[in-house]
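Across the two complexes that follow, chain A remains constant while its partner is chain B and subsequently chain C.
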Partner chain A sequence: MVDDSTRKTLSNIPLLQIRAGPREKDIWVQRLKEEYQALIKYVENNKQSGSDWFRLESNKEGTKWFGKCWYMHNLLKYEFDVEFDIPVTYPTTAPEIALPELDGKTAKMYRGGKICLTDHFKPLWARNVPKFGIAHAMALGLAPWLAVEIPDLIEKGVITYKDNC
Partner chain B sequence: MSSDWDEIKRLAADFQKAQLTSTLQKLSERNCIEIVTLLLEKQLLDVVFTNDGKEYITPDHLEREIQDELYANGGRANLVEVSKTLNVDLSRIVTLAERIAAENPHIHLLLGQLIDEDYITHIAQEINEKLAQHGEISISDLTSQFDLPSDFLQQNVVEKHLGKIIKGRQDASNPRVFFTQAYIQRCKAKIRGALAAITKPTNVAVILQQINVQEKIFHSLLDEISPAGQVTSKQANAQYVPHIYAKTQADWVNSFYKQNSFLEYEAINKLGISDAKTYIRNQFPNEQFLFLKRVALGARLIELTVVSALNECSATKHYLDLSTILPSNLSEEDIAEAFDAVIAQKHCNPSHFVYLESIVFSQAYLTELVQPCHDMALALAKSAIDNGVYQQYIVEKTLAQKGNNLSTSHDADDDSKTDKRDERRRKAASGKAGGGAQGRETKTKSTKKHQRGRAAAHNHDSEDEEDTVQQSAGNTRKSVKALELVKSSDIINLIKITLEEEGLEHLAKPIAALYLNQLNQVALSKAQELYEATPQTNRRQTHAAIQERVNMLLVDIRLYEKGLKLFHADTQTQLVKYLLKSLGNEICNELTLYVAAECSLSVKSTNLNVDQRIKLIQELDAQYRNALLEQNKALNRSIEDFELATESVLKACSMIIKKADKKKDRALIIGHKEKLLQQLLECHEPALLLHLAALILFTTITGCILHASGKFVSAILQHIRASLNEPQNALYLVLQMLQQATPDSAESKSINEQLQSLQAEVVDLAQNYSRASVSKAD
Partner chain C sequence: MSNAIDELQAIIAELKSELEEQKTCTRNARERIERMSAEVVDSNPYSRLMALQRMNIVKDYERIRDKAVAIVGVGGVGSVTADMLTRCGIGKLILFDYDKVELANMNRLFFTPDQAGLSKVEAAARTLSFINPDVRIETHNYNITTVDNFDKFLSTISESGMQQGQPVDLVLSCVDNFEARMAINAACNENNLNWFESGVSENAVSGHIQFIRPGDTACFACAPPLVVAENIDERTLKREGVCAASLPTTMGITAGLLVQNALKYLLNFGEVSDYLGYNALNDFFPKMTLKPNTQCDDRHCLQRQKEFQERPKPVLQQVEEVSDEPLHASNDWGIELVADDAPVAEQAPKATDTANVASGLRLAYEAPEKEAVDQAGHAAAGDGMPETSLEDLMAQMKSM
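And then the complex of A and B:
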């Protein structure tokens, strides 16, 4: 299962209720509202705990999201671009988060930079449909991936520290 | 819907804002750690980490904390504990502690502990309390109690505060010990009291245990007290001997001696004096003592009482009971000892006195006492001889001696002075044992058997006796038990009566024992005398004597044989028979008895008939048996056979047969005639007269002697008739006829008268005729 810190973080993110995909015009709005609320909450938490690690924004529809994420390793900040689309069958299916910069640099990545999530993620998401949203996906999916992969890649020397980032 | 989208827009804006607001400038833990680490790297900050890594502390603060800790622990803090409490590494603490101690003179660092002045003061007070309580304290105790090094204690703690906080004094002899004055005074008083109360030697350790004072103090204070007594040594088993004690001892001994004039060693030992003799000598240097095993007697006493009594005793020929004179404590042994000593000292003749169970007898008294016993001894000796007991004993003794000689000769001990008999015996024995003997022991055994013959009753006993004696004594001489003619009980019975009057019957036994041997000897010598005086020469004949006699008899037989050859054949045979029966029998008897004695068979009577003889012979050893049997048989045959047989017997007995000596024969014949004449003159009976006369005449006429009984008289007379004159012959005939004709008693008187008258004539005839015929025969 997820480790405790993730769980704790997760528990502080409000859960969503409305089951709506992006094609369902009416209730998608409701869904988005909820999404934003969850995200705001999540970010506030991060800020308070000093572990703020991403910036996200979306298009008008809320179907494409993009931004940056970073990871602190040995007191050094490694930043990456991040993007993802909301799939049609959302929320049943989780969004596929991608880090295009790291495409081809790691085995744990599909073509196009889509991160390969843990075996736990998909069943966990499936169990908790539609309660999990984007915030959860970030916390449950990307964060752990970064925690595992980035140090590894740094050590292998695939990723180097860029001062400006 | 649009409101929703507006809402969405608004939310999105909010989101962006939320994201863009800068993070709270809260310095999280991580940040802090980062900062401190940075500072540490730049060495702008010196902090000490705690053991678990969760906290920092600056050194100054740490120092202060250490001092607080010290204070909190009452002035004494173990650094290890401090490090645990403060959660800081020990090495940092140690360094800091050293710094503290260096800076602060009041704080000492020792043994990994910080100690400050407060603590020292505190323990000084405690020490003072303890000292007041016990009166005495040593640094070693304190060390163990406070767990501090002794030097530190001694210098910084005790000596610094001595006199101020710690009220006491240091012991001069031992700087590590402290006392209070009061304590010393107390001890002194205790010791004084204890020593004053003691009246006999006591072990110092016991004293100390009782009064609970230490040995060192005791010895040091002893001189100050100057008690009325002495301590024997300064070591572990010292004893305290009060002067009183020695005095009382001496007093007791003195008074006892003055009263009793003797001293028992045991009593002195009980007083506690170990060496009684030297003590006595020291106490009474002017007195003379007789030192016995158990007791010392004053010489004065001895002289006054014992010696005078002894003198009196010998003068009055009486006895003296020493136990009444000497002190009653003395046991019998003591009295015996004293007596011996006195006798030795005073050079009295010890033979004057006999000492028995604390009674001294003068010799005269005892001699008087046992006088009747002498007589009794002699009487017993006589009876022993009569009974034959003594003879038996002699026999046994001689046999034992022979046996001894044999065994010693077998032992190759050539200094055995054996006489002929023993040599012969040895030859016989070795000759027999030479074949198939297996060893000395067997030889000895076999010779023994040869000696004994078959086991007769007493033989067996004596054999056993000698066996046991030999076994017990190994190869040493055998000895026969001395014959006890006089028994102890006999003596006791005699003397008891006399002694009972004096009340001394309990001494009868020892006195009897004393004289037993003597009396026995007396009896034995008497018996010996008697034995030698008795005419029982048959037994006591030595080998030579028997030989002599047998030879004589043989000669006689020969002579008689010559005589009887002059007769007719049938008379001859009769005469032969008669001769053999008489003399031959005698010879056989002699020899048989002799052999029997040799074989230590006891024979009851000396005259045996043929059957008795034969029976006896059967019991003899083989070497003699045959010869003797032959001899016996020959008695029924002729003289020659008999002579031969006798010769063989004599050979067996290793006796020599004397050759016939003509000159001696003549002398013998004459001697024989003379004997007959004498008998003739002395006898009065007519028949015997005739007999003798006939024999004499025969001898005179024929020149040979004859051995014949009365029934041969007529034959003899017939024989000599030819040589006799007419009147003489006729006379004889008449006499003879008269003899023959007087079976009736009626006529006997008248005939007797006639015979009487004729007797003188016959005698005359025999004598005269002999003279005449002698000249004629020549």
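And then the complex of A and C:
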């Protein structure tokens, strides 16, 4: 289920309106603008609330996304590369967010480092097509995953603090 | 110096003999066969299949050699599916998968530990052509859901049939995720190709197959996925620390059901099931038909529905109900049948509502309400913002 703080975060991310996937060249540009606007707003919100936790950018077609996400644990910052493709069936299906450097380090991942989402994510996404976008996928998918998995992986010694990040 | 030469010569001799040994191994593989023979001799790989004709099950079994099938996903279900079709002497198989064989796959059938590290399509192609060199095998090692690859996938299934330029006769989905299923659905709706969806639950105790004929039966986007109700209490279901479990049994059974129905469809015998579920916990096989959703989000699905409506329908032979006996002694779900006289095939109207689903099945989640976009309460993206170009937005995001 979605907890109260996630619910609050979500309600402050603008909803999207245009139902268009990357194969529909003309309206996809409109959708992409909405995606960027929602992402910019979400990052601004995070900065304001002192919970800034990711940066993303895309190729010019908006089909490949990459960037960084980080997680604070015991005052140390753990940073990871994030990447995903926009599937042809987007926004009906959510993007599959991946943290490639953690591939093979946790069972809560599919091949290629794609994070294993909860049972609640997909139904929630499906009920909110086309209103949810990449920002929502980050807030509902990656953020809770990091919050559960990263402390666990640190405790197990699977990931260690790197000074340079 | 001469010592080193002697050593090298010895190594060469050893390698030569090993190579010779390997060659004899492969020589034991049989040659291609021009025509399927019905002759019952130990050396005829098709004698038991051709016997299906004599026993009046299948007319002209050899038509199977004119059929091309695309298999998307060559994992626990797809590899066994490919194996079965290869042994049945299918004309052509086109395999799609972007994954590699791993030792973690060894609890399933088909792949062997020495293949670890090879791409699944490559490893499968080698084994399959060894089993039956008559089958033409084409491999595609990429993820079909990305924008670039999807177009390749689309053109392959519509042009790489038995004759170049012809579509494949059937697409079999043996993938393990919603995204890939939706991509296959989109491609088959667009190309008007019949396909079977198949799946095994993440807890390995149920499976299903679904026959999708665009416009005629529900497409994969018409309703939330229909899954077998396992009647497991969510609270007792432990899923800590893992994504998915799997059993060779459930996967083999699902592959068997899939290929059986594919054969029935390709060779016109028996009745092809539109949806067949398998509950491994109580050996229950729920069955139903799903009608297309007239409000489907896929515009190609709507187009196919329109075409289907306009097409004259062949007069269906009435199939007699087999038995009046109760199907199940126990009724764990407390399900009551409303009307008993309707044949199973006509029971379900639009399966967008859980109430319309056959017993033992459920929708994976509640269908979203149609057109319930709340424009009012929420600020939509872009509202109150001056019209900015995409480039500006990208730059703004980058500079944050």
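Just so we're on the same page, the second predicted complex is superposed on the first by the 165 of 165 C-alpha atoms of A that agree within 3 Å, B and C clash if a C-alpha of one lies under 4 Å from a C-alpha of the other, contacts with A are read in each partner's own complex, and residues count from 1 in each chain.
We take it that a residue touches a chain if its C-beta (ideal position, glycine included) is under 8 Å from a C-beta of that chain, and two chains touch if they have at least 3 such contacts.
Note that the coordinates shown come from a computational prediction; the quantities given were computed from them, not determined experimentally.
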item: Simultaneous placement of chain C and chain B on chain A, clash or fit; value: clash
item: Which of chain B and chain C A:D26 touches, first, second, both or neither; value: first
item: First (chain B), second (chain C), both or neither touched by A:L39; value: both
item: Touching partner for A:Q48 - first (chain B), second (chain C), both, neither; value: first
item: Contacts of A:E96 with chain B and chain C, given as first, second, both or neither; value: second
item: First, second, both or neither for A:C116, with chain B first and chain C second; value: second
item: Partner, of chain C and chain B, that touches more residues belonging to chain A; value: C
item: Chain B versus chain C as contact partner of A:L75, first or second or both or neither; value: first
item: Intersection of chain A interface sets (partners chain B, chain C); value: 29, 32-33, 36-37, 39-40, 43-44, 47, 55-58, 62
item: Footprint of chain C on chain A - complex, ascending; value: 11, 14-17, 19, 22-23, 29, 32-41, 43-44, 47, 55-58, 60-63, 85-89, 92-93, 96, 107-111, 116, 122-123, 126-129, 131, 133
item: Chain A to chain B touching residues, read off their complex; value: 25-26, 29-30, 32-33, 36-37, 39-40, 43-44, 47-50, 52, 55-58, 62, 75
item: Touching residues (chain side chain B, partner chain A) in the complex; value: 1, 4-5, 7-8, 11-12, 14-16, 18-19, 21, 23-24, 26, 28, 30-31, 34
item: Partner chain A, residues of chain C touching it in the complex; value: 99, 143, 145-147, 150, 177-179, 182-183, 185-186, 221, 224, 241-243, 297, 364-366, 368-369, 373, 375, 378-383, 385, 388, 390, 393-394, 396-398, 400
